[in-house]
Amino acid sequence: MFFHMKELQYEAKPDKPDPIFAARLQEILGGQFGEISVAVQYLFQGWGTRRHDKYRDLLMDTGTEELAHIEMLATMIARLLDNAPVKAQEEAAQNNPVMAAIMGGMNPQHAIVSGLGALPVNSVGVPWTGGYVIASGNLLADFRANLNAETQGRLQAVRLYEQTTDRGVRDMLSFLIARDRMHQNQWLAAIQELEAQEGVIVPSTFPTTKEKSEVSHTFIALSEGEESSKGNWASGPAPDGLANFQYLSMPGAWGGKPILSPAPPALHDTPPSVK
Amino acid sequence: MFFHMKELQYEAKPDKPDPIFAARLQEILGGQFGEISVAVQYLFQGWGTRRHDKYRDLLMDTGTEELAHIEMLATMIARLLDNAPVKAQEEAAQNNPVMAAIMGGMNPQHAIVSGLGALPVNSVGVPWTGGYVIASGNLLADFRANLNAETQGRLQAVRLYEQTTDRGVRDMLSFLIARDRMHQNQWLAAIQELEAQEGVIVPSTFPTTKEKSEVSHTFIALSEGEESSKGNWASGPAPDGLANFQYLSMPGAWGGKPILSPAPPALHDTPPSVK
Amino acid sequence: MFFHMKELQYEAKPDKPDPIFAARLQEILGGQFGEISVAVQYLFQGWGTRRHDKYRDLLMDTGTEELAHIEMLATMIARLLDNAPVKAQEEAAQNNPVMAAIMGGMNPQHAIVSGLGALPVNSVGVPWTGGYVIASGNLLADFRANLNAETQGRLQAVRLYEQTTDRGVRDMLSFLIARDRMHQNQWLAAIQELEAQEGVIVPSTFPTTKEKSEVSHTFIALSEGEESSKGNWASGPAPDGLANFQYLSMPGAWGGKPILSPAPPALHDTPPSVK
Amino acid sequence: MFFHMKELQYEAKPDKPDPIFAARLQEILGGQFGEISVAVQYLFQGWGTRRHDKYRDLLMDTGTEELAHIEMLATMIARLLDNAPVKAQEEAAQNNPVMAAIMGGMNPQHAIVSGLGALPVNSVGVPWTGGYVIASGNLLADFRANLNAETQGRLQAVRLYEQTTDRGVRDMLSFLIARDRMHQNQWLAAIQELEAQEGVIVPSTFPTTKEKSEVSHTFIALSEGEESSKGNWASGPAPDGLANFQYLSMPGAWGGKPILSPAPPALHDTPPSVK
Amino acid sequence: MFFHMKELQYEAKPDKPDPIFAARLQEILGGQFGEISVAVQYLFQGWGTRRHDKYRDLLMDTGTEELAHIEMLATMIARLLDNAPVKAQEEAAQNNPVMAAIMGGMNPQHAIVSGLGALPVNSVGVPWTGGYVIASGNLLADFRANLNAETQGRLQAVRLYEQTTDRGVRDMLSFLIARDRMHQNQWLAAIQELEAQEGVIVPSTFPTTKEKSEVSHTFIALSEGEESSKGNWASGPAPDGLANFQYLSMPGAWGGKPILSPAPPALHDTPPSVK
Amino acid sequence: MFFHMKELQYEAKPDKPDPIFAARLQEILGGQFGEISVAVQYLFQGWGTRRHDKYRDLLMDTGTEELAHIEMLATMIARLLDNAPVKAQEEAAQNNPVMAAIMGGMNPQHAIVSGLGALPVNSVGVPWTGGYVIASGNLLADFRANLNAETQGRLQAVRLYEQTTDRGVRDMLSFLIARDRMHQNQWLAAIQELEAQEGVIVPSTFPTTKEKSEVSHTFIALSEGEESSKGNWASGPAPDGLANFQYLSMPGAWGGKPILSPAPPALHDTPPSVK
């Protein structure tokens, strides 16, 4: 159960409107690694955690904070859209190419659909989808998903920071970028804690006797050249501590040529008589 | 540029058909962490790698192998669909509840659309989407995405292994599960290599002076209870080595209440006279 | 900014597991009119409200409650999935058609992807999408969207109530159904308040002189038969109070036959010489 | 069964081409509340109406008219695309910033994919989806969906009217805006007719004894501040006439803390030994 | 502009309800090659036809007929859903495995969302999308798309025919299958007419001097084995009449190894110092 | 199983960067008829081919080549994005409208998400979807799909050729356009081979006695005017050789008015008492 307080977790005031940047900022609100994704992801992971109270609380804390980040971005986008061009001026395009560029570069749905409010979409207008969310019931698996999300998310926030000079926008981004640092740190720490207990391979509970161990530490090079042999994934001990890496260059196949049975006549595939 | 050889990388022959399991197996072919996802993801990351030949080759090698895994799963699914019920038998449902269950549990598109072939969809029939793919141009970011993908993918393959007793299916899965171990090992090793050079926070090149460092190592607890204070993300040195974690319980807001400007009349929002 | 408390707003405990019903219950969690939709919709409407504090608060209150409903449903679904069949038993399908039916009827992603947790998807497994959300910046418009959402949502909850006899599930649904009554009442009351101030046609601020008033109160019957003339939309005063309804049966067109200009050659459409 | 006549229901001729506005106009053709949505929605509602001939005819009449509106918009968009830039002129971008803005602001698929024809997509190019359609089998529920659709649709048409000065476009929009007034009037009238017979809460046939009546007229304030207590949804008689509204500020929870059972080992979630 | 008559183009009455088949029949209503696809496709092609009245009329005629097919299928599906299990009977699943199978195999949205009406979705419940529609402005291109649509559509209808023994369903399908024969015939005839005028390669108006003619008639074999050399695409005159086919087995590359420039620092990709 | 060689099948080097064209070029990479579509389509068709080795090989050869085309386009797009504006320059928009136009017209995800790499999306940023893929198990059906794909694809490539003057881009497109000619030729030849064996109507194996032959050669004109009678689909022998075409103008219906049974009470549709 949730409560809402009116204050923003951190300020979200641009120096001045910028409808093109408003469209871009949608990426970290409603994109694959936007705040909607991490909020929904952490909350669903928390709700699905069966025992392990410490981790459930960790997830609920962080998921609840991400709701505040959605709010900050929605507020910032609404303010960046103040004064957006929503009324035709007869000669606008001809006489004012900058205005023409703005009309071309802003998200037209901000003017037509949302009435200058934020939308649950990304920077090209594609709606956010639940298909982005990762919640597997395995905490180590999901913390890796979370580390990745905060990694991609911080990278995008930094890129957006570089694409504006608005001090208010940069101030808010500097807060989100710092939180993303914390969250990378946090998931790294939680991952270390779990890996120390169960090892680095997920899931840790599947017996190694049931996997084809001949190929479980072998790098298979299937592209021309052997530059890939120069990394620490190609030789030396593997992170799981079970074996050394092997490097196998351009091997043949272990399987045979597949031959499929004919389809039953009721399918009306190509008739067998065809040659 | 690619070449194809006819043999499968590893054998893909079930003991006997099972159309319900065919539908389920689609998850690791065309789901969020299916083989299409990792193949496309690694190849796009490789094609987008600007210099760094060793990593580009690593990506191309692995992406090329994943194409072979798509092929193995597509072959296995086609064979699991042999003899699927594609012709009505008058009394089937009444007299044969197992047949009825099969017709209910299989993916109807296997019978209607693909003619007993695999489809680029997941286990509930939702088409694979390019929205799953992650390729950011930052190798450490992307290797974390890859580690996560192999983690989720192996977990799903193991679960599917548990859901069948077919020896042929299990044999193929034991190969894929071993490859997923290798790929987890591999991305872990590559991540270690990169983290050793640039540190653990992505991106590593954004000056820390530009982020709000007051909150870059602070765990903010926004949900009732303090179970989350018991993890190593709540105190002690943070993985980035810059500071110790702080734990801040139920703090207030740093920002103010947002007040938005009225919308321009041309938007035809709620008129200002409304109370 | 949000806080979370651990207790559920209302209890969410089934009498016994039922994985098929878990799949169905996803509809009111992650479907078009599920709790994710109303939560995101009300919050985005609230964040986009420019002045009008009373309505903004109304939206934030209700949106925050809907977050608690997501949590209740996610918890209920996880419990309905306890003991779901996630391990193959050799002869299961042959000897136990009910088990076969369950495996056919449950959402396979609950067993493969989420590890028996809820997912942000609907009852057929299609992910929730931001494309469901409605937030226009015009409060009367959006309260109508909200009334519709609570209307469709309550109808679906009632249908699900009829499809189970589990007392725990029915108890939780009886709470949600009551809240949906409240929310229908609430949006009806808010709509009445707004309509009393600005009239019933949205937007109220566009001058009637700019619309083609000849057809603004005319019912145009374009299908065979005149049963549609028997409703109060076909004659008598219209709700907007500006005119009486007219009924126009099978009229001709006001426009002409469209003739389009040829496409420029650089498009390589069908060449003009073709006949 | 349908017949088509060649004349447009109303004229659709712009004064001059405008490829950026063509992209924007797609919103009310292929967006969430575009003409495709209402046409498909009304027709599916009509085809699903079981008895109630008067309402079925109403739906078929209106759905058939909306097909004509799709046609008008498709024609208008094709004409707005006449002379769109589909051929490179060497120095275009450098010397002619307005041309550059047009190339940036138009939908590139109009030039590459459709050959200057309209597309079943919205103003940012996202394809129309059947997920927009609402057809529940309950007429009062669906008429509220229809009222909302005409409300959002008219609001968007008015905003587009403000964004152009083209007299031909405005003339067509003035027709559609008038029809949207009629359709708001019509669904309001139909809703009044149904509410007079079955009351305002949908569905009307579910016994009130089965819902948790303690919370069916209670406004629950879960966000800071009590501005929301000032509306007519917070006190006084509720629209359903069963009780007065109550206002409950920041209440605690009715449910307990959820504790989930551990997952079965075959799921390979986090092992129980992890702390 | 359209008119609707109440009669169905052809009868749509099943002998008896069958909710599982109702779910399957959705494929040819709302799937990739369902009737919604062809209706919208032909109408958009017609509306986008610039001159060429004969072909525009052909498209409008056929598109208008497809609207009637949507109606027939929507009606048939509603009738197949009569008596679908929408009320829990306490012991249903335990005592009646056939009922359990039906509940597993039907589309749950038919019971929860649509109230036993058809939905604009396919046989697995994925909503129809405008992304299926093909309308390029080039008639020969689009008639090939249409031929393909009628080909896939008839194949699916035939497969569904085989999957039921209901005489009413089969009667309706026998009508649709015949119409699909006509429509294949029709698009074949129209294609012949166009190919006779402009040749078989689309677009016909791009000068052959601008394409790399060295590879315009060469079959490039990039997979092991030369079975593909046995077809009439590997030798002999090509259908465009410009040259004979050549067969090139496992050739090398015409291009070089791609080397990309480093990314600018503001992107925060992997730093150049990384090795 | 696949191997990758480092060289591109053909060179992919633009004369100079052009981020707007990079966005457009995404259409033939990740659009409905982009190279991802044809690669996945041919490979899935190949993997699903049951016997018919010659055709399976044909499909695998061509699918493998299309993988090389994805690679060429991904490389070209990355190079067109060199020097894209990814850093704010304070006065950029005001002083440099061309720069403003570029920022408006490029795909913002190229700067924020992919780090100047190609994405698996189309020219408006909509992700590629498995829903585009066609693989039916019937070779003649699928070769028609393939012919259509190469037809639409070549048309789009030609239009893009016209929209740039960059010699490097045009050189690469001239290669792809030539390959698309070859592939149209190839599918035409394969279709001829199959049609010669089984006739032109798909599927060829469904008995004509089971279809409603009264309407299998009849053109039904349902739109005003008879221009459509002037084509060779309206009279003369049909391509299937079974009968002559008939032309039937504005016929009535063969079916009756549909009357649906009332819904069961548990659905809570509109109550029967409503009038």
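By letter and in written order, the chains are A, B, C, D, E and F; residue numbering begins at 1 in each of them.
By our rule, contacts are C-beta pairs under 8 Å (C-beta built on N, C-alpha and C of every residue); 3 or more make two chains touch, one makes a residue touch a chain.
From a predicted model like this one, the values you see are computed outputs, not experimental measurements.
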item	value
Chains touching both chain B and chain E	A, C, D, F
Per Cα centroids, the chain farthest from chain B	D
Rigid-body rotation angle, chain D and chain B, from Cα fit (steps of 5°)	180
Interface composition of copies chain A and chain E: same or different, split at half	same
Averaged-CA centre spacing for the pair chain E and chain C, given as whole angstrom	28
Separation of chain E from chain F, taking each centre as the mean of its C-alpha atoms, in whole Å	10
Contacts with 2+ other chains: residues of chain F	1-9, 32, 47-48, 50, 54-55, 60-61, 64, 68, 75, 78, 86-87, 97, 100-101, 104-105, 111, 113, 115-116, 121, 124-127, 129, 131, 136-138, 140, 155, 158-159, 162-163, 203, 206, 222-223, 225, 253, 258, 260-261, 263, 266-269
Partner chain F, residues of chain B touching it in the complex	1-9, 30, 36, 40, 43-45, 47-48, 50, 60-61, 63-64, 67-68, 70-71, 74-75, 78, 113-121, 127-131, 133, 135-138
Interfacial residue positions of chain F with respect to chain A in the complex	1-6, 47-52, 54-55, 86-90, 93-94, 97, 100-101, 103-105, 107-109, 111-113, 115, 121, 124-127, 136-140, 194, 197-198, 203-206
Residue ranges of chain F in contact with chain C within the complex	155, 158-159, 162-163, 266-268
Interface residues, chain A side, partner chain F - complex	20, 23-24, 27, 31-32, 97-98, 100-102, 104-106, 122-126, 155-156, 159-160, 162-165, 222-225, 250, 253, 255, 258-263, 265, 267-275
Chain F contact footprint on chain E (complex, rising order)	5-12, 32, 53-58, 60-61, 64-65, 68, 72, 75, 78-79, 82-83, 86-87, 111, 115-116, 126, 129, 131-132, 134, 136, 138, 140-141, 144-145, 147-148, 151-152, 154-155, 158, 161, 170, 174-175, 177-179, 181-182, 184-190, 192-193, 200-203, 206, 210-223, 225-228, 230-233, 238-240, 245, 252-258, 260-261, 263-264, 266-267, 269
